[in-house]
Amino acid sequence: MAAIESLIKWFADPSHWSGPDGIPTRLLEHIQISAESVAIGALIALPIGIVLGHYGRMGNLAINLSNVGRALPSFGILVIAFQIFGLGDLPIILSLTALAIPPMVTNSYVGLREVDPDIKDAARGMGYRALAQLLRVELPLAIPLVMAGIRTSAVQVVATATLAALIAGGGFGRYIIDGLAQFDYSKLFAGAVLVALLALATEVSLAGLERLLTPPGIRLVKVAAASRATTFKTA
Amino acid sequence: MGTGLFLQAQEQPWILWDWLFTHVSRFTDALQQHIQLTLVAVALALVISIPLGVAAHRWRAVRNPAYVVFGIFYTIPSIALFALLIPYTGLSATTAEIGLVGYAVLIILRNVVVGLDSVPPDVVDAADGMGYRPIARLLRVELPLALPAIFAGVRIATVTTIGLVTITAVIGLGGLGQLILQGLVDNFRTPLVVATVLSIALAFVADLFLFGVQRLALPWSRGV
Amino acid sequence: MNRKPYSGRLLAGLAAIMFAAVACGSTSTPAATSKGNITIAGFAFSEGSVLAELYGQALQHAGYNVTFKLNLGSREVVAPAIKSGQIDLYIGYAATDLEYYNKGAGEATGDATATTAKLNSHLQSISLVALTPSAAVDQNAFAVTKATQQKYSLAKLSDLQPVAGQLVLGAGPECPTRPYCLPGLMSLYGLHFKSFKALDTDGSLTRAAFKSGQIDVGLVFSSDGDLNQLGLVVLQDDKHLEAADNVVPILRQAVASDDAKNVLNEISAKLTTADLVQMNAQVQLLHQDADAVTKVWLQQHNFGM
């Protein structure tokens, strides 16, 4: 089809692989801003979710945080952030971080809560102190869900980072927005394909990381749990 | 940069109440389009997800491909998906709905399957024993028991769709997203802020409404 | 005892409500008037809405059934839409439209009439027609902040030549592909900027970029109403990169009846650049609605409101 042909031609053009608007530059921009946002979000969200889950406190808040997060229109958040902070990376990272936090809190909370109380009892019986119990018994058991939360956040951040082009951000979203403005169908299509591939790659690689980090004994049991990760789509 | 520059932007209040009260119809029109796009998406998603979910529950051969296909769809960022569809379906509601329906299907489908899976085998046996034919058993025993999970899925899908509709402003639709776009283009905070707040409020109201319906229709199930 | 029928009925009722809401929600088609339907589109900047409302309302009061598609996009979106019949009319700018339809052949001049005639020679084969250009003009203009102007002693675009390499240019994403934008600056003035930042077409992103110093030179429109207030200075186009961008309605030949053309030409004849600047100022600075502002203009010019 003509569409596929022009797409292949676009990718075959060497000028699209270099310079400030080239694929490597845009890829790095996109990854950088996504990674920063997920990292900052994780630094905030994971301790909160884990501690709340460990003590079993404020469960409603932890779970409903995802409902609140889902209700936030990412486009509106980005433009409001632009109005407050102007152009640049700051408003983008703030918005993305805000959207990244809810799934990580909810999933870590649920992950910690799901740890079998018998196991916690056994650990206490074996003499584990509280922090050690948390780190060496509960967390490893909760890893599948914690990772699922990180994975969900990461994929959503990559998707929302695409929208950042609307407030003069970089990344692959630039190809989509510029392609729309210039009515350059190949650029638009290429941008969409690149973003889709990046999102899928993020999903797959983090799922792989999750499997790597899960202690072998747990892998067999926890498959069903991981699939219960909160569905969270904001972009 | 010197004083006096961008006085407009610096002093612009977040909400110009005068403007707001004289432009209520803008918001009600946008709200209407927003609700319409959402309803169509969720309704179509239900129509697809329930039969597909029944099939996926029955046959492994349907379940895994369905999850994979809709899972991939779901992972693709919405703006990218709309961009991919534009050459074929144009800057139209169809493009928007294809994306929105696809996302909602994954959410609801998973819950239909989980819901059906969670029907205790004893109940299924008992129904068989009472003489229910498979379809009757499905409609009058299994699906009703799966309703709590399905409802939960519908709630999540609705809230998600309401948020995603704002993005369709980029292809000329958007509902409340149009007002957010106006706020961006015109450097005008009022429609931006009010539309964002309305979108969040709409999501909460929809969620609460569905929760209420669930309580009414399924009093034996506590809200999930 | 048996709850299932109850829940079933409730759900059926819900479904009925949903479908009713969808059905009733769709806008009712207005009754066809005697003169027919016209869909008019506006570009995605505030003057685009002003012009679309101006000409559109005039047609409405002449008895046409007008559908407005405001903020449709850039010319790259609007032109295909009119070619495919999705819209019937848009208000363009003579020189920029000529260079769009002739694929950048460089035929536009400072003469509005000649430019429009050339435009029509290209529009004929795609069943479009451009009417008589108005005296009102809105050209691309390149502005700098007062601070930048003083720093480099800038008065005209040629003054940028020695310092362009230190400056960042900001404009809409379509600028690098428009002959009157980046390519023109490079070829006619020899300006090679340090970098280009894709923002928006004379919108809030461009203004914010000026404010934060992320761009030094930015694309604005010569009829903007808020340049003074923003502390921006337009550099003179001494080599005449921008040609006659007079306001001109472009419509499909199928809807170009004599009556419609008369209505549109009457508006064009009475519209001045000062009018545009004033209407733009009201919309951009006072947040008045484009349709309200144009309504006032139409009343003042006795268009039988």
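Order of writing sets the chain letters: A, B and C. Residues in each chain are counted from 1.
Convention: a residue touches a chain if its C-beta (ideal position, glycine included) is under 8 Å from a C-beta of that chain, and two chains touch if they have at least 3 such contacts.
Keep in mind that this is a model prediction, so the values were computed, not measured.
Across the assembly, the mean Cα position most removed from that of subunit A is the one of C.
Set against one another, A-C and A-B show the most C-beta pairs in contact at A-B. Relative to the whole-protein C-alpha centroid, the nearest chain centroid is that of B.
Spacing of subunit B relative to subunit C, judged by their CA centroids, is 34 angstrom. The distance from the centre of subunit A to the centre of subunit C, with each centre set as the mean of the Cα atoms, comes to 38 Å. Distance between chain centres (mean CA atoms), subunit A to subunit B: 20 Å. In subunit C, 73, 77, 200, 204-205, 208, 211 are the positions where the chain touches two or more neighbouring chains simultaneously. Within subunit B, residues 181, 184 each touch two or more of the remaining chains. Shared interface positions of subunit A, defined as residues touching 2 or more other chains, are 82, 167, 180.
For subunit B in complex with subunit C, the touching residues are 1-2, 4-9, 16, 19, 23, 32-33, 35-36, 39-40, 43, 91, 140, 144, 147, 172, 178, 181-182, 184-188, 190, 213, 216-220. Listed in rising order, the residues of subunit C touching subunit B in the complex are 3-4, 6-7, 10-11, 14-15, 18-19, 21-22, 25-26, 44-46, 69, 71-73, 77, 145-147, 200, 203-205, 207-208, 211, 213, 226, 229-231, 283-285, 287, 289. The touching residues of subunit A, counted against subunit C in their complex, run 20, 82, 86-88, 167-168, 174, 177-178, 180-184. In the complex of the two chains, the subunit A residues touching subunit B come out as 3, 67, 70-77, 79-80, 82-83, 155, 158-160, 162-163, 166-167, 173, 176, 179-180, 185, 188-189, 191-193, 195-196, 199-200, 203, 227-228, 231-235.
Looking at the complex, you find that subunit C touches subunit A at residues 73-74, 76-77, 80, 172-174, 177, 195, 197-200, 204-205, 208-209, 211-212, 214.
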